[in-house]
Each structure stands twice: as structure tokens, then as C-alpha cells.
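There are structures below to look over.
Okay, so chain A shows up in both of these, paired with chain B first and chain C after.
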Partner chain A sequence: MMITIKYFGLLAEVTGCRSEKMNFSCTTISDLKEILFQKHKVLKNKKFKIAQHNELNTDKTKVTSSEIALLPPFAGG
Partner chain B sequence: MKNHKLKNVFREGAITTEFIANSIAKHQVKTSIGAHNIFLGQVRADEINAKKVAAIDYTAHEDMANHKFHEIREAAFLKFDLTCMHIYHSLGMVKSGEICLFVFVSSKRRKEVFPAIEFIVEEIKLKIPVFGKEIFEDQTHQWKVNS
Partner chain C sequence: MNRYNRHIILSEIGLEGQHKINMAKVLVVGAGGLGCPVLQYLAAAGIGTLGIIDFDIVSESNLQRQILFGSSSLGINKAIAAKKRLEDLNTSISIHAYPKKLNHKNAISFFKEYDIIVDGTDNFKTRYLVSDACIITKKPLVYAGIYKFEGQVSVFNYNNGPSYRCLFPNSPKQEEIPNCSEIGVLGVLPGIIGSLQANEVIKIILNLGEILSGKVLYYNSLSHLFNLIKVSRSEKEIQKVMDIADIFENLDEGIRCEVKNNNITLKEALTKKNIQWIDVRNDSDQKTNYPEIIQIPFADLEQNLHKIDKNKKQIVFCHAGIMSKKAVSILQKHKIEDSFSLKNGALEVMNHFKKNNYEKP
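After this line comes the complex of A and B, so read on.
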């Protein structure tokens, strides 16, 4: 399926993109991360969390949304 | 449990003292309230490697953040006996010395509002996907991480 990856903050800066679409047939967040690491090697040494449906996910979470967010460390307040 | 509407917490730029004053004034008609407590987050001019932070440029995953703010509000209403609660967070540029977070809780009695404000602010720091680009006086930058 086509999914949209959204990059926030520092991650948008280092990948040079805020949002990109890609065809994705893997099942888990862990699979997705591997693909993203190949595409954007710079992500490998960055700290980030992944969210879909407005919730944070673990590596084992299944990808069920067509929109995935990559979130660097939070700095609110 | 009270069912509150999802609100947009974000405001463009700094939260002004006028906005805060107006917020307080609006509560004068709510005469069952006996205690307010306010937290104001201010952008600090940190000095890092001899360079001073002049401003923070805030961005957020707005949809997720508003959902998380809503969850924090609901949790606080369950945990504490509050009459009302308001949370505002800045997006975009906020200069050092300006306010970027405004949390305002009200209750009949003071004992509720002290732990409530601490709970809400700590939850915000932990759970809200807001990102801060610290802009130095020489226009270079680094990304802020909550400690």
C-alpha cells in the first residue's frame, strides 16, 4: 500500500524532507525502519520514535495506517 | 467522567501577557472557584559553547499533540477536583524571555491546584510531540531536548 512518511523537527532537517510517499508491503514498524534506514542512512544514528493513529509504536507494532510519523525527542514547554 | 471537546492548544508565536491577563479576567464570573494556579514556561537564553539562545522555533505533530493534550486534560480532571483547565502552547518563533507554555487550572480549593499543575506540566514535557529549534544570536541553531 502507499503510505506517507512524515518527518518532524531535526529529522526533517537531516533527511531534507518533511513528507514522502512510498510503496510499502512489510508488516511491522521494525520492517519499515529498515527500509527508512536504507533510504536515509542519516537516520541510523538519530534518536526517534514512530507514531501512527496519534499513538507511539514499538518495533513490533503492525503498520495499519497510511500515515506514519517519525518524531525526534520532544521539547515542549 | 466529563466529556470535553478536543481543543486546539496551539497559538502562533509567543503567548502574550495580555492573553494571560484576559484569561484570568474571564474567570471572574465563575464564582464557585476559590483557587487558581498558573504555570508559565519561558524561553531561556541558555549559553551553549559561548553562544546565547535568542529564540526557539517550535514545530509539532499538531494532530497527535492535540490528542495527547486532550488525554492529559481528561486524566487531570479524573485525578483532581478541578473546575476548569486551559492549556496553550506556542508554535513558531518565541524569543528568549517570552512565554511559550501557559497552563491554568482552577478549583474550589487550593489543595487541588498545586499537584494538578505539576502533573499536567510533567505530562506535557513527556508526551507532547513538540520540537524546538534553538536559534542562537549568530543565527546558527541546535535542536532542544527536554531534560
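After this line comes the complex of A and C, so read on.
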């Protein structure tokens, strides 16, 4: 299925896009992360959480939404 | 009370609500981009006791967004300059300026004096310090962080809700994510995000509406999108912090650096020869019953150094690898230098012992 990946904060900068569409046939967040790490190697060294349906996911969560958000912490104040 | 008339005529606040605001004690850590709007609205609202901690001084590049300061504040400590401005804004509240750095030693005693803590800091080291001290002192934390044109806001430790560590368990390296002074920030952004923080503080005091607990709000000022993401409480992450509560005030940076290279995984520990396991968990009901493991509760470590065989390599473990770090620094202080702190803690060690059929006495 086609899913949209949304990058927040620094992640949008290091991947060079705020959002991107990709064809995705894997089942879990862990699978998805592998694909994203291959596409954007720089993500591997970044801390972030993955959310779908406005809820945080673990690696084992199944991908059921067509929209996935990658959320980093922010340092600035 | 004419000053607070527009609050009092709101049926949701009234005289009673305004009285609650006037009795509240709020500590704002950092009087920068976020801290300034938070302080401005809280002082105007009549928060009875306002604390401000900041060690930094006002510089010209702050004035683009740190709205409590003007040209006359340049070179003055931010906590003191903020107090001066706020005293003019509201003469009927009590304002305490602490022109110093928050650290493990002073955080607990500062936080105990206040009802609510606001995080307006600009680096991960202080953010995790603020978060951990709030967990230990059981204070609600009104958190926010900003990045260029984006912000995130949440309320942590509120009514048994999640903590910052439930969202981001471990701190990124400081260089991993730059702060405003390194990368720039839209001046109005901390104004928006800090105002959201001030709003949550008032709501907590009044128990009004939906508190932003169990959720983190992401805001993007370019796309005007708000995303609200649910966050769950992780008992494990909170327990890790409670495990270090007794030694928190001694956790200065020096100790951490000192043991940096002595943190190892179980796998790495098992490659070493001639080792002795030391269990430093303080809860003595968890007997390990393996002759290879000696149990010395952390609190009694210095009195029991004679029990340690100095010809062996010491692998120290606790619940989560935090107390063991501190234990290793104590061992090293006493010249027991071949000692290592196990990263993952007791559960993993016990599983290893069980799996490999170590003999029970």
C-alpha cells in the first residue's frame, strides 16, 4: 500500500523532506524502520519515536495507517 | 482585586479560582525564549510565588525573542533582569531570582519549595535533570522544546501520568540535535509555545479543562498544524529514576564521565576472565543465591569493601545500570580499578544464570 511518512524537526532536514510517499508491503514498524534506514542512513543515529493514528508505536506494532510520523525530541528553549 | 477583574468575572475562575492562582508557587527553569513568555503571563495572572533559575546573562542576540529584556538588561543575569521587569508588571506577587546553574545537588531542594515546575531550558542535559528531579519530588512538569519553526509541549508527572522519560527514555547526545543559539529560531515561536505552557500551568492550578497530560503536542508554525500524540506511562522508566533517588544529589557530571568507559553489556562481561559479580540492589528481599554473586546493597558498599576480592574483575549490577555506575565510581575511588557497571541490570544477569544452570547452593 502507499503510505506517507512525515518527518518532524531535525528529521525533515536530515532526510531532505517534510513528507514522502512510499510503496510499503511490510507488516511491522520494525520492518518499516529497516526500509527507512536503508533509504536515509542518517536516521540510524537519530533518536525519534514513530506514531500512527496519533499514538506512539513500538517496533512490534503492525502498520495499519497510511500516515506515519517520525517524532524527534527538541532541545531548544 | 481590580487587577484580576477579567479573570474573576469568568465563571470558570471567579474569586475562588483567582485565590488559587494567588496561592500557587511555580518555578520556571530557564528565563530564555520559553521562560520569558511563561513568566510574563504567570506574573500577570498573579501566581503568588514565582521562582526563576538562570545562570546566563542577557546578550543582544537574546532580544529578538526573550521579551522580558531590553537594552538596559544587557550583561545582567537573566533571573535578576526578569525579576526586575516582573516586579514592575505585578507588585503584589513574590518573585525569587536564583542566578545559578541547576544541578543534581540543588535541584531537589529547589523543586520541593514549589507546586509546579516549568521547563524552559535549552539543552538535553538540563532537561533530563529537570525531568528526573520532578519524578523524585513528585512535581508536575510543564515541558516544552522548540526547533526552528516547530515546538512540542506536554505536561508530565501529572496525576500518575507519564514522564518525559516515558516519551524519550534516553537523552540524545547534545551535538545530535542543535539548539536555538546554534541553528536559529523564529522569534515568535517560543512566544507561542511558552504561552501554551503558561496556559497549562493555569489549568493545572484551577483543575480546568483537559490537561495536556498523556499527550505530546507538536506544533509547526509554517504549516499551522497541531499534532496531538498519545503517550503512555512506562513504570519501568519511572522506576529507573526512583532507583537513583537516594543518590541523586551526588550524581554530578564528574562521576558520570569517570565511569563512562566502564559501562559494559552482559555479552562483554562474559568475555572477561576471573570475574566476580556484585549485586548492589538495595532491596534485600531479592536474594540471588548463586555463589558467584556477592550481595552488597549500595548503601552499605563503602563499609563492605573487604568482602571484595581485589584479584578479580568486578562486574557490578543493579536494577537498571544506574546505581551500579555510581557503585563503580566508589570502587574506583578505593583503588578497585578493574570494576565495571553492567548496562542492563539484574534481570538479564539472573536470566543468564538460570539458562546456564549455574549451581544453587
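Simple rule for what comes next: the second predicted complex is superposed on the first by the 73 of 77 C-alpha atoms of A that agree within 3 Å, B and C clash if a C-alpha of one lies under 4 Å from a C-alpha of the other, contacts with A are read in each partner's own complex, and residues count from 1 in each chain.
Methods note: a contact is a pair of C-beta atoms (placed from the backbone, for glycine too) under 8 Å apart; a residue touches a chain by one contact, two chains touch by 3 or more.
Source: prediction; values computed, not measured.
In the superposed pair of complexes, A:M1 makes contact with neither chain B nor chain C. In the overlay built on the shared chain, the residue A:N54 is in contact with chain B and with chain C.
Of the two partner chains placed around the shared chain by superposition, chain C is the only one that A:N45 touches, whereas chain B remains out of contact. Within the superposed three-chain model, A:G76 lies in touch with chain B and with chain C [touch as defined at top].
The residues of chain A shared by its contacts with chain B and with chain C are 8-10, 51, 54-55, 69, 71-77. Residues of chain A touching chain C in their complex: 8-10, 45-47, 49, 51, 54-56, 69, 71-77. Looking at the complex, you find that chain B touches chain A at residues 41, 56, 58-61, 63-65, 67-68, 89, 100-101, 121, 124-133, 143-146. On chain A, the positions that touch chain B within their shared complex are 6, 8-10, 13, 51, 54-55, 69, 71-77. By the touch criterion stated above, chain C contacts chain A in their complex at residues 30, 32-35, 119-124, 127, 144-148, 150-152, 167-168, 170, 172, 174, 176-180, 183, 185, 190, 216, 218, 220, 227-232.
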